[in-house]
Structures are given as structure tokens and as C-alpha cells.
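Heads up, the next two complexes both have chain A, just with different partners, chain B and then chain C.
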Partner chain A sequence: MGVLIIRITLNRVHAIRDDWSLSASGTLDEGVHLVSGDVGSGKSTLALMIAGLFPLSGGSIEKEGITSTMLSLQFPELHVTGLTVAEECTSWGVSPDDILGTTGLTGKRDVSPLSLSRGELNRLHLACILAKNHDLLLLDEPFSSLDCEEKAKLCTRIGQTSQGITIIFTHEQEILPRVTRIWEIVDGMLVDCGTPPDAFQNWHHVPSIIEKLTALGSIPDNLSLDDLKEAACRIRG
Partner chain B sequence: MQDPRIRIAAASILSIAAFISLLGALAAFLWWLVFTPRFMIVKKIRLVFSLILMIAFFSVVLELFGGNGFSYFCRMTVIILIGMWVFGEQQSGEFLNIGVWLFGTRMGFDIGLVAEMGIQSLSSVTADLDRIRIAEQIKGKRWGVHSLVPAVLVLVHGALNRAEDAAELLAVRGYRSGGTLCPVFNTGSLDRVAGLCSLGVLLCALIPVSEFFILYR
Partner chain C sequence: MISIENLRYRNLAIDALTIRPGITTVIGPNGSGKTTFLKICAGIILPDSGTIVVDDAPPRQTDIGWVNEYPDRNLLFVNVADEIASPLRFRHDTCDSVDSAMKSCAETMVITHLLTRTVRELSGGEKILVSLAAALVHHPTVLILDEYDSHLDAHVKEKNEQIIRSSGAKYIIRCTQQMDTATQSDHVLFFDNGRVRHDGTPDQVFPFLKGTAYYPLLWGC
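So, the complex of A and B:
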């Protein structure tokens, strides 16, 4: 029996809107990919394009072995279709009891999802999305409105994903998961920075903590807090 | 059209002309064909199709109950096309400029600011609606009547949040009423021609053309 390959190939994909454009080429294999870039650089548009929800102005996207795709939009309130938190969980096809327990929202079962704080709503939304396995999971700014503790939990959860392609589109600089490959959007073009730690040298949006650690001669293996701690400990000796 | 003063004046005149009579609507439609980017607007603002469909529904109802549904449909469609043209051509800050130009830096500034915020809110609602439809698609749901209640709740909630943010921002920046602004307008020669022609359209709507035909009969 052959091994199932899960892969996305971007063949000179580009999108043009008024005086703004975005070009992307490259291959994304199984694992966790980080796409960084400034606000307005086109991260959300690229996520929509890969999900097949934004018309391409040119090029093509080839998907191999992908049977289920999930995209988490930047603003979780736009996903809301349930009139209560429990209904919202059900609308994602997941059990409210499971989700409310893990997100600490048990007492808010019957309130409107729109009455939750932005952080609570994002937590609920991400818990619903991550409750199922997807061959292709696209997370657009998943860390927004989350506190450090929740960001760390999300990184752990993403790190537990054992199969498929996960692409994180973010400008987050502090708390990130271990990633397989780093990409960034610079001047309207998707650039493949490579795999960590080598990617740190080519990465324009490299987090300042990694820059500092590198300057002190201790390059972290990856982006997670554990990797950063380990690199910091190496300096102390 | 570069000058927003002429654009808004022309749109108001054309809307009145289109509303007055079928001939006025026809003349206004011809004006729309000559002086606007026409179908580029229709392509850009897809909301126009939904609005025309809604007008078509009411026109059919009107026709069935003895009213002149056809005339209503034609007149309202032209008004919608003109409205969409104004909306599509509008640039950020134009209403503020017009408000100050018309009524000065106190009341004019306030009116312009309210208009700017209204237009901004409308743009945000349109963008949000597009994203909500995408979000429904992601959940594997089809867009339909059942989607309206949650979508409207999300849109109203978003609009209220944005209004609150804007109010807080204005308060933090010390806004009480009025402001300093020197409005600047660029008036092209085509703007003047289009403005004058819109007056011609209004004349067409006001003059009882059928009376002339009676004279020649």
C-alpha cells in the first residue's frame, strides 16, 4: 500500500486588486507552516486563495491528498451562526459539552456568542475548529485577542497535530509553535525562508528574541517557548 | 468625475428627474451611460443586483394590484444605478470637504463627519457581509433565508462595536464639535459638462413633452 502524500503546490499564483498585488509560488508539504508578513501584506487573501474562496488572477493551486479543508477567519465573530454558545458549537458539528469544558465557558452555554469577549469568542471558535482533524487547516491570525497563557495552549494544541498541513498566517512575534517551514510575504511576494533554524537568517520578520539570542551566539532550534528557553539556557551554560 | 460637489448635486438632480417621470428616468439613464464608468460600477458593487431584484419584486406586486409597476421599476432602477455610481466614486474625506465648504468648520464639519462615518460603516457592513458568506461556506452551509437572522445580528453587533470605538477615539482626541479643515476640490471640464447636462435631464423630466406632441397632432 502506497503512502498518502498530502501536499499543496502554488504555481505562480497571483491576485490583483486595485493597486495591490500578491504573487506566490512554492510547495507546502505535511507539517506546520508559518506565514508572516506586515498588516495588509496579503496574508488573509493568501489564506482565502489556498482555501479556494478567493478567485485567482492567474496561476494555479494543486492540492494532493487533501479531502477536508478548514479556514479560520481572522475575525471569529464572522463565523457565528448560532444564537447561543451551545448552538454555535453544534453548528461546527461538535459537542457543546466537550468544547465548553475545555474552554472554561460552561456557565455561558445559553448566552449569545456575540456577548462573549473577543478573547472568549476566539477561544471558543478555535476549540470548535481544532476539535476535528482536517487535511488542510488554515489559521488566519489565530493568536489575536488571546492572552499569553491561551496563546501557549494554542501552540501546544497545534504542536499535537500529527497529520495534514497546518498553515498559520500571523504577525505574532512572541509566542509561536514549533513549525516545519517559515514563509513570509515581502513586497507582495511569498518568500520561502526555509526550515528553522536556518530560516532565521533569511527571515525579515524574525522575532526580536531570536535576533537577540542569535547575537549572543545561541540560535534556537525552532520557534516554540521551549526552544527559546533551551537556547537561553545554553548562554548561561 | 473628480469634483464631489458636482457629483452629489448631479446625483440629486438626476434622482429627482428619474423619480418625477419615466421620461426623466430614461434621460437620467442616458446620462448614466455617457458620464459614468457604467458596467464597471455594476461589476464592482454586486449589491446593485440584489437591490434591483428587490425592486423587481415590489414592481410585480404593484403591477398585480393595479399600480404602474413597470414605471416604478424603471424609475427606481435608474435611481439605484445613480446611487451606486455615487457610492462607487466616493473617496475618503469628500463628505467632510463638502460639509465644511457648505456650512463652515462648526456645523459643516460635524455634518461631514457624520456622513463620512456613515459611508465608512456602509463599506464595513458590505465587507463583513462578504466575509459572513465565506464563513457560512466554510461551515458547509448554504446561504439562504435561515442565514439572515444570525448574519444581521453579527452585522449590527459589528456596527455598534465600531461606532463605540469611533466615539471613544473622538473623545480621547478631545473632539467636542467642529474642526479645522481647508477643503480642496479639483474640477475637470468634463465635470462641468456633466453637471450642466444633469440640469438638462431635469428639464426633460419637468417639461410636459406630451403637450408638444398634442400641438403637432
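So, the complex of A and C:
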């Protein structure tokens, strides 16, 4: 029996609107992929296209071995369907008891999800999504509004995902998970920067902390907090 | 000075706090009261008890620029140009002066290409830039930004940092989850469970946070 391959191939995918366009080609294998790009460059549009929710102006997207896809939108408020936090959990097919305990929202079981702070809502939303396994998980700005501790916890959780393809579309610069491959959108084109740490050299959107560490002669192995701390400590001896 | 005394609102409690002119950055866990504090500073909510005064006037008698952490909750109008112009129209400026102030604000923020768009067509980051323009167009005394940077890339954030600093706003109060940004402030407040746990310059506050995810990475291992 052959090993099941999970893979996405973008064949000259194209989207055009007025004076804006986006082109993407490349292969995404199993692992965690990071896509960076300026405000308005098309990160969210690319996420929607890969999820099959945005019409392509040209090209095609080939998906192999993917039986379940989950897209987490940039605005968690757009996902809300439950009138209470508990109902919201149930709407995702997960038990409120499991989710509320781990997200520290036990006391807010009966309040409207839209009355939560944005960070709390994002925490609830991500916990519901991550409670299940997905062959393809698309996370659009998942770190937005999360506090530093929660960002670190999310990175640990993403790092524990052992199978499938996770694609993170973000401009987060400080707290990131260990990633398999780095991509960026530059001048309307998706560019494959490669695998860390070599990718750091080709990456226009390289986080300033990595630039600073590199200038000091200490290149981190990857993007996670542990990698950055290890590199920072190498400088200090 | 912004002076706060014996302030209580739900679980938020601040006995005494002074905010000097300059950039004040509020940090702390989700749900610790940061947004509630910003809303009180903006006059959007009134405290249950206690006082807050901005140079001797309450927030509701002060010119405030405000950017909400939910990008869509900032936007009232269909078109970007109308959205940016709205604070000037609400105070009945003349049509000519509204138009020129709106355009010059968009130029400063390098978003003139968005002026003909509808707000629905904007990306998350673009919505925040339009909201920031609407907050700055009337030259407020106090500019309040609730995690506006969580939607911006590093280059845009750096550019906007300069725009905010040169905006003429006497007080800039913002909350962020980016500690690199927090280190570039005059004043840092660390909130936890409705209380101001630490208050001072970045050099004074961050040593208390050593060993937590709030400690700036480049400050050491």
C-alpha cells in the first residue's frame, strides 16, 4: 500500500480586480507554511482561493489527499452563529465544557460571543477550530488580538500538528511557530522563499528581530520563540 | 496631564494614575481591562465612580480620535472618502475645507488610491488605515488606538508610527500585543485582572515581566 500524499499545487493561479492582481504558482507539501505580504497584497484573497471560496481569473488549484478543509477567516466575528459562547462551541461540533476550560472562558458560558473582547473571541474561535484535525487548515491572521501568552500557546498547538497542511497568512513578526516553508507576496506574485533558515536571506518580510540577530552574527534555525531565544542567548554567550 | 482618581467600572479599579503627554502603551493579557480603560479615556463609557480628566476637562469635552480593535466597528459609511471626511462633517466644517483636509490626510497616510473604493472592498489592514485616517483628520488632542497594529505589516506599521508621532496629538494612548512596539513608548501600563500592575517607562516596567511572553526578546535570554 502506498503512502497517502497530501499536497496542493497552484498552477498559474491568477486573480485580477481593477488595478490589483495576484499570481501564484508552487507546490505546498505537508507541514506548516507561512505566507507573508504587505497590507492589501492579497493574503486573504489567496486563502479564499485555496479554500475554493474566491473565483480564479485563471489557472487551477490541484489538491491531492485532502478530504477536509478548514478556513479560519481574518475576522473571527464573521464566524459567529451561536447566541451564547456555549452555543458557539456546539455549533462547531465540540463540547463547551472542553473548550471553556482550556480557554479560560468558563465564567462567560452564557454571554454573547460578540460581547467578548476581540482577543477572547479569537481564542474561543481557534480552540473550536483546532479541536478537530483537518487535512488542510488555512489560518488568516490567527494571531490578531491574541495576547503574548496566547500567541505562544497557539504556536505550540500548531507545532503539535503532525499531519496535513497548515497555511498561516500573517504579518505577525514576533511570536511564530516553527515552519516548514516560507512564502511571501511581492509585487502581486507569490514567491517561494524556501525553508528556514536559508529562507531568511530571500525574505523581504523577514521579522526585524531575525534581521537584528543575523546582523549580530547569530542566525536562528527557525521562527519559533525557542529558536529566537536560543539565537539571542548565543550572542550573549 | 490626564489624571485618574478612584476610578471604578465593573471589575476595573484604578486608585490613582497620571498620564503625561506622549505615547502611552497599554499591555497585558486578553480580558485584563485594556479596552475598557481605553473606552473610558475616550469617553465612550463613563466610570461607575471616580474621575478622569484630560487637562482639566472630561473626555467627552475633549477632541478624541479613536480606532476600535474590531476593524468593521469603525466604519459607518459606504465609501472610503466619506468615512475619512465624516468627523469634519459632523462638526459642520465647510464643504471645501472638508474636502481638502480629507485629501491631505489621505496623502499623508499614502492611501489616496483607496479614496474611490467602498469600505467593503478593503482588506483588514486597509480598513484600519482608513479608520486611522478618520481618527486623525480632525487633529485630536487624544488619539486612542486599540490594537490597531494587529492588522498591519511591519513596513506599514513603521510608517504609521512616524505619522502618529507627528500627528500633533498631545496624548497617544494605545494598546498592543507587540512588545517591540511597546518598548518604543514614553510610558507603559501593564494591566492584569482590572488593575494597573506596573506603570512607568519601558525600562522601569519590563524588568518586572522577565520570564513571561511579554518580555521583549531582544532584551536578553
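The rule we apply is simple: the second predicted complex is superposed on the first by the 237 of 237 C-alpha atoms of A that agree within 3 Å, B and C clash if a C-alpha of one lies under 4 Å from a C-alpha of the other, contacts with A are read in each partner's own complex, and residues count from 1 in each chain.
Operating definition for what follows: contacts are C-beta pairs under 8 Å (C-beta built on N, C-alpha and C of every residue); 3 or more make two chains touch, one makes a residue touch a chain.
Keep in mind that what you see is a predicted model, and the values were worked out from it rather than measured.
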Following the superposition defined at the top, how do chain B and chain C come out on chain A, clash or fit? clash
After the superposition on A, what does A:Phe75 contact: first (chain B), second (chain C), both or neither? both
Which partner chains sit in contact with A:Ser144 here, chain B, chain C, both or neither? Use first/second/both/neither. second
May I ask you to decide whether A:Gly40 touches chain B, chain C, both, or neither, giving the answer as first, second, both or neither? second
Classify the contacts of A:Ala152 with the two partner chains as first (chain B alone), second (chain C alone), both, or neither. second
More residues of chain A are touched by which chain, chain B or chain C? C
So, A:Lys132: does it touch chain B (first), chain C (second), both, or neither? neither
So, A:Arg12: does it touch chain B (first), chain C (second), both, or neither? neither
Enumerate the residues of chain A that count as touching chain B in its complex and touching chain C in the other. 75, 77
In the complex with chain B, residue positions of chain A that touch it: 48, 51, 53, 70-71, 73, 75, 77-83, 91-92, 112, 114
Going by the contact rule set out above, which residues of chain C touch chain A in the complex? 28-31, 35, 69-72, 113, 122-126, 129, 147, 150-156, 177-180, 212-214, 217-218, 220-221
Under the definition above, what is the set of chain A residues touching chain C in their complex? 19, 36-40, 43-44, 74-75, 77, 104, 117-120, 123, 141, 143-152, 171, 173-175, 205, 207-209, 212, 225, 228-229, 232-233, 236
Give every residue of chain B touching chain A within the complex, in rising order. 128, 131-132, 134-139, 141, 147, 149-150, 153-154, 157-158
